[in-house]
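The following pair of complexes shares a single chain, subunit A, combined with subunit B in the former and subunit C in the latter.
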Partner chain A sequence: MDVIFGNLDLWGTAIKNTLIVFAGGGAIALILGIVVGAMRVSPVPIARGVGTAYVNIIRNTPLTLVFFFFVLGYPALGLPRLSSLVLGIIAIGIYTATYVAEVLRAGINTVPVGQAEAARAIGLPFGQVMSLVVLPQAFRSVVPPMMSVFIALLKNTTIAAGFSVSELAALRATINDSGDRPGSPMEVLLCVALVFVVLVLLLSALQHRLEKKWRIVR
Partner chain B sequence: MSTSVLYDVPGPKAILRNRVLAVATIVVVAAIIGFLGYRFALSGQFSPTKWGLFTYATVWSQIFAALGKTLAAFGLAAILSLVAGFALAIGRLSDHAWVRVPTTAVTELFRAVPVLVMMMLLYYGLPSVGMRMDPYWAVVIALVVYNGSVLAEALRAGIESLPRGQKEAGYAIGLRKSGVMRLILLPQAVRVMLPVIIAQLVVTMKDTALGFIITYPELLYLAKQLSSNAQFQQPILQSAFVIGGIYIVMCLILSGIARLLEQRLHRNPRAHGGRGDDAANTGPAPVEPGDPRLHPEGTVTEVISVQGRE
Partner chain C sequence: MRFKKAFATIGLMSVAALALSGCADGGPTDANGGGNSATVDMPWTVAENVTLEGSPTFDAMQKRDKVVIGVKEDQPNLGYYDNVTQERSGFDVDVARWIAASLGFKEDQIEYKAIASANREQAIVNGDVDYYVGTYSINDKRKKEIDFAGPYFVTGQGLLVKKGDQDYQSLDELEGKKVCSATGSTPIQNIKTNFPGIKTEEFDLYSACVDSLKNGQVDAVTTDQAILIGYAAQDPEKLMVTTGPLLTEEQYGIGLPKGDDALRSHINELLTDGGDIWKKIFEKDLGNSGITVDQPKVDAY
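Moving on to the complex of A and B:
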């Protein structure tokens, strides 16, 4: 227990930073993902092409390398200085946005075309076809996989540890380097793993609830 | 076009609007690229010295050595995690609670622990209980534990998505449990889940890059080393571009293989290999993302299957 109570301050910062990266990265991923997802299903061929290129390039790059680009590469450009925490958030947001975009696209594609056709046939205008028929169905089938994307995002925050963001996975180094702190690397890492298991199980529980609540019966 | 659910056939107004949107997209993208290019030029990223590092044969032989290390970790991890995936999937479907419950707990647990934390546990954690582990094994074992659990979930979802009649028919013709699993259920599940399986292998490939954090000398580790070369003015972005290109090509090749395999299985249902023939004839349609068959459990696999198919 010493490993936790002897380093309460460090655990506090680490958990806070993990949650900041999670929330910030999630917000960027969601906004950018919606834009890219919309581009990928838009009727404009150029926009579709740009969206596809973005998704294919970023998704086939390891997240570690995306971090490398931003956290180490960005300062070389001579732009205004940003802390590695902010750069890490941008990196993880840009990476996760591709997954958000794909989930959205898949969600829209699960709506059968007949639904829109039927809505048009009974005389609904475009706005109502979207807001009453297509999007509610797309939204329901999107929520569970979107939660999976966010679970993956949460686990990916650990990679920031390799790029001098002092979040949970970086605790081992911090505690080890400061000499007189209690706790062996093994204990620290097991506790970190435990924190992640708890957080992921919480998110999974939420996912299962939403899934049950919003299942589409077809 | 896959988007007909969202849009009507465009009329004159919509065509005009689409053109405006197309121009706007081009302008925005050109502005972003132009700005980056401008910054690159301004901070001297195009200077020949910085790129000069990649004109040396020794550098490329280093890159190939690192590529070998990456592929060595990926290859072993891929094979072992497939084996582990099959074993865990069968364990989770066992009729005996004493097999099923621990296996379920183990897969759930290992899926929840980030791969990097697992690697760190093996590499930094084990020495404090008196064991030393080579970074290579730390990378491979962590990848196998994680991807094995994910693949187990995918295979289980695949098996459970099969119509119940398949299993019942197997028992009806007198097969035992092992026979039903081996001859009827698994071949079909593998076919259904092939896109997911390959997509997970792409993830495994990308995750080998985590090895650089625990000092496994793979591609990204080399990129970091190259980028600190003072003689060539620390070519950080240049190394990232070169190494990034290699990763992207490798992942695209893997996805390409996936697409080829999938097309082949689609075209010829018998192409699945000798013993699977009888089962393959009645193979179900591949699971599309959002297929109700996937919904009860397999949401993680659903995301992965989405990323697997274009």
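Moving on to the complex of A and C:
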């Protein structure tokens, strides 16, 4: 118990930073993912090409390398100085966006072609076909895989620890190296694992609720 | 049939890849590993017919006819592994070799394992390494899980800045600046608790901090001065260590499994009696780095 109550201040910042990276990365991933997903099914060949290239390049790069590029490579390019936390959020957001886009594309494929054709027939432009007719239906059918992507995102936040974001995974090093903080590395690791299990369970509960609420009767 | 063949090829390739990466991790374990040339000019001799009553670690070493030593490999002049020449060098590595020799192990009977700071205690507790020599500060919390022989070296927290930058004499002068060190390390915690006005950056490896310093992402790197001097020596055109007084005192010890008193007193005796050899190793590895340190007195607790 000492490992928790003796280091309450650290746990506070660590959980806060983990949630910040998760929320920030998630927001970027969702917005960018929707855009890229739409690009991949758009009628414009250039948009399709850009979308495909983006997904294939970023998705096939290990997350650590994406982090390396943003946190260590970006400043070397002489671009405006951003904090490591912001750079980390951008890195994880851009990486996860590819998965969101692909999950969404799978969802779009489940929407019957007639829906899009009917929307086009009444004169809606591509943007409205997507946002009013296709995407709402696509979202409903991809709740479980989308939530898996976000659970993976949550766990991927631990990689940010190596890149100057003092989140949960950085706790062990901090407590471990400090002469006067209680707790052995093993205890810290177990507690960190427990926090992640709780967070993932919360996400699973959210998934369950959304699935129930948005169920499509076919 | 064609599929079977393809799978067999893939299987073979992955086995080969595993074997290769295994070699890279463990360092030179075989006789032609490259470390041999180093033994020639070492100032010690390999002991013969060593006996050490009541040391389970030593018994294990003898049983497998090999000693497994935990080291660092990214700290020039202290614990460094050169990927090109495949040679390990540095003060810590030489101390580790000296101890191995005193236990009767030749260079080709040494297996090095690079272990990051955060995993050191666990590696010793698990028995992954027989002992650990790598900028390992002695403190009471660590003593609860493992034992320390030594100290064999004393240093303290210093500052590394870009060449031509201000020569900081204390941490107060860094108010509002950004300072980098290893994740969770003692120096960074010292700054966080005592100097809230200083911004901090933390990376797993010191080399990432040094890169950030070079590209202007941080204003200074802080950790034990011995480590910083190694980096400054690697790139003297761009980096320099400030001349200010050391901010703390760190005593480097040799990490040993808890309770192995026989091995601990053996190493302590070796350090106490081997003043000449210590001096020779120091001059060889750190002599031209500009720091002068006397061998610290062994604290045989």
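Keep this in mind: the second predicted complex is superposed on the first by the 195 of 218 C-alpha atoms of A that agree within 3 Å, B and C clash if a C-alpha of one lies under 4 Å from a C-alpha of the other, contacts with A are read in each partner's own complex, and residues count from 1 in each chain.
Just so it is clear, a contact is a pair of C-beta atoms (placed from the backbone, for glycine too) under 8 Å apart; a residue touches a chain by one contact, two chains touch by 3 or more.
These figures come from a predicted structure and were not determined experimentally.
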Chain touching more of subunit A, residue-wise (subunit B, subunit C): B
Which of subunit B and subunit C A:46 touches, first, second, both or neither: first
Contacts of A:206 with subunit B and subunit C, given as first, second, both or neither: neither
Which of subunit B and subunit C A:162 touches, first, second, both or neither: both
Which superposed partner A:174 touches (first subunit B, second subunit C, both, neither): second
First (subunit B), second (subunit C), both or neither touched by A:79: first
Touching partner for A:184 - first (subunit B), second (subunit C), both, neither: both
Footprint overlap on subunit A, where subunit B in one structure and subunit C in the other make contact: 72, 76, 161-162, 172, 184-186
In the complex with subunit C, residue positions of subunit A that touch it: 72, 75-76, 81, 84, 161-164, 166, 170-181, 184-186
Contact footprint of subunit A on subunit B as seen in their complex: 1-8, 10, 14, 18, 21-22, 25-26, 29, 39-40, 42-43, 45, 108-109, 111-118, 120-121, 124-129, 202, 206-210, 212-213, 220, 223-224, 227, 234, 236-237, 240, 243-244, 247-248, 251-252, 255, 288-290, 292, 295, 299-300, 302-303, 306-307
Subunit C to subunit A touching residues, read off their complex: 117-119, 121-122, 139-141, 145, 180, 182-186, 189, 201-204, 208, 211-212, 215-217
Subunit A - residues contacting subunit B, complex: 39, 41-47, 50, 56-57, 59-65, 68-69, 72-73, 76-79, 99, 102-103, 106-113, 115-116, 120, 126, 130, 134, 141, 144-145, 147-149, 151-152, 155-156, 158-159, 161-162, 169, 172, 184-187, 189-190, 192-193, 196-197, 200-201, 204, 207, 211, 215-216, 218
